[in-house]
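Shared between the two complexes below is chain A, which has chain B as its partner in the first and chain C in the second.
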Partner chain A sequence: MQKLGEFKLPHFFNYPPYFTLQPVRDTREKQVQLWKDLILDYCRTQKVFVIGLEEEFPLFSNPVIGRSLTHEAREAFLSALVADGRAEWMDKGHRKCLILWHRIQEWAEILVQFARDNGLEDGVVTMEEIRFGTESQGTELQGIDRTILNRALKILEQKGKLVVFKGTSTDDEGVKFSL
Partner chain B sequence: MRRRPGIGGLQTAAAARDQYRLLGENVAKIRTDLMKEQLATFRSQLEDFARKHKNDIRKNPAFRSQFHEMCAKVGVDPLASNKGFWAELLGIGDFYYELGVQIVDICLATRPHNGGLINLQELCHLLRQRRKSDRGVVSEDDCLRAISKLKVLGSGFEVFSVGKKKLVRSVPTELNKDHNEILELAQAQGYVTVEEVERRLSWTSGRAIDALDTLLDEGLAMIDDGHRDGKRRYWFPCVSPISSSIGVDS
Partner chain C sequence: MGNQFVKKPKVTDVDRAILALKTQRRKLSQYQRKLDAVIEAEKQAARDLIREKKKDRALLALKKKKAQEELLKKVDSWLINVEQQLADIELASKQKDVFDSLKAGSNALKAIQNELNIEDVQKLMDDTAEAKAYQDEINAILGDKLSAEDEEEVLAEFENLETQLIEDDLPEVPTAASIYTDEKLDLPVVPTTAADVEVAANSTKKGTYPFLLFS
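And then the complex of A and B:
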């Protein structure tokens, strides 16, 4: 099986026609499903949160078989993820896509669990610490994208589970939990 | 017998004829009895054989295939019913029934990828993958037998040859001669171009495109516009040499 770093690529990735948007409906549905699963899988394991359509994202081409996804194809597959609630366009031009291998609500739950696991039910912690601190190492929160973190925190803030406060600089942004 | 003249002679002749006829009938009866006896002996020997080699029949596909041939010669069909000596002794009916169900499953699962046409070799490969934990190997012969049983149920399964390969069709779509020729052409590299079809088969452009479009619509072909040379390629998953076990790994 071909690999991308440590990631095992599925068989269809080596079959040239899958890199061309299929005109026949049933075939297209199968194709879109395969690509959606692959993109989510890859992003989850490699901790990729944002995909730029015009950038060199490794899944968009397979040099072994000499094929690349056209812009149209990339947009089609990502749009399908957006329709599933598994991604969001970050701009009107559909150039950047935020990948939600966990939905925002799921991230919120993970944050609550993180607070409980580390005795932070009434505690204070900075954004930096949530993203890169020792407690989050080895957990899903490690390296989480800022945009996603902010969105998840906002949901929890609206539910009264925490308060976000700004410090003197973005590095000091923090959170007070009240679980 | 010496012929005697007169009425006495006629009576003797009649009696002689009767005796010959009786003899003839007896001989025929003896022959039939002998045959029946031979057949019965053969059958019971076959049963003994089956009993003794039950495990070999279960585990060894070559052995199993030859066993079927032997049975066929004697007029015994171990798969005819799920009850009775054979099914109970060998559980063979269940074996093929199970295979049939798994084959249908695999065909359905791969249909979005190959349009309902699958290479027999690939089918067997996927079958073996699925049955990894079961004892015994499954041969192509076993697959063919299971499929022939499926046909009897009227499930629309058909095996046909394209060039050197056997394909299993699980959809009602019947392929005409033009389609078959394209499939055969595609076996070399897994794909064809319109130009190639025109050139190798000496067809008009219209005929080639028509046939290819039908195959595309039926889900048997996929287009590929990504080659540097800019020529559209029509790929056929059912003849592709690449193992494309898409979404069937259970």
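And then the complex of A and C:
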């Protein structure tokens, strides 16, 4: 089984036909499903949050069999993820895609759990602490993308579970929980 | 989800202070990492310079490294101060919470006690005692009346009842004749000679005589 670093690639990754966008509808559906799962899996384990369509994304080409996904194919697979609610286009030109292997709501719940686990029910933390602090080492929150974190925080803010604030201008952005 | 009445948590000055301290902690950590890198680089530079036999330059690099190491020690102690103050703020805020809840409890107690006036309680107890005394008096009067009129009647009835009960309780006394005619006493034969005794012993073995009398 081929590997990308520590990530085990599925068998279909080595078959050239899978890199060509299939015309037949049934085959196309199966192909799209396989690629959707692969992309989500890879992003989850490698903590990839954003995919740039024009960039060198390891999944988009397999040098062993000398095949690459065309731009059309990439857009097709990512659009399928967007339709599933598992990704979002970050710009109108569909050049960057935000991958949501956890939906924003799920991230919000993870944040709430994080606060509870660390006794932060009415505590103050900085955004940087949530992303890189000692409490988040080894959790899903480690290294979370800023955009996603902001969106999750906004959802929780609307529910009154926390408030985002800043003290002086030199401070990091802070979060005060109120669970 | 357009609930305008969702309670938003308030951000206090204490929160802002904590945020400032945590920001500082992060920045100091970052600075520590930077100093570590510089120290390592200077060490490496000094090694290279010694290899190139550039003694003066090597010494300079080592001096710079020393200066950075001193600075790192200071930063370490600042970081400890910041952590300490964060811990102190947390402790103080918890102490205030405890004090506030104790105060609230004490106030509640006072309010309840205010409603319960000691004079009212005393008056209540006095009224109750008065009522009881009145009742006792009435009982006494009524009680006297009864015994004066009915005591003799009650006493007579009591004596009647007593004698009746005594008569019922006495056992039957048998008449003289009945003692001798009612039962037929069956006494066993008493053996007198030795032979008789043997006969008696033998028959006893068969179980006819319940007991044996030896003379």
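The rule is simple: the second predicted complex is superposed on the first by the 174 of 179 C-alpha atoms of A that agree within 3 Å, B and C clash if a C-alpha of one lies under 4 Å from a C-alpha of the other, contacts with A are read in each partner's own complex, and residues count from 1 in each chain.
Basically, a contact is a pair of C-beta atoms (placed from the backbone, for glycine too) under 8 Å apart; a residue touches a chain by one contact, two chains touch by 3 or more.
Computed from a predicted model, the values in this text were never measured in an experiment.
In the superposed model, A:E72 lies in contact with neither chain B nor chain C. In the superposition on chain A, A:G174 makes contact with chain C only, not with chain B. Contact with chain B, but none with chain C, is seen for A:K30 once the two complexes are overlaid on the shared chain. Applying the stated contact rule after C-alpha superposition, one finds that A:D91 touches neither chain B nor chain C.
According to the touch criterion, chain A has no shared surface contacted by chain B in one complex and chain C in the other. The residues of chain C lying in touch with chain A in their complex are 1, 6-9, 11, 15-20, 22-23, 26. On the chain B side of its complex with chain A, the touching residues are 112-113, 115, 191, 216-217, 219, 222-228, 233, 235, 237, 240, 242-247.
Those residues of chain A that touch chain B in the complex are listed here as 10-12, 14-20, 22-24, 26-27, 29-30, 34, 66-68. Taken in their complex, chain A has these residues touching chain C: 122, 124-126, 128-129, 157-160, 162-163, 165-168, 170-172, 174, 176-178.
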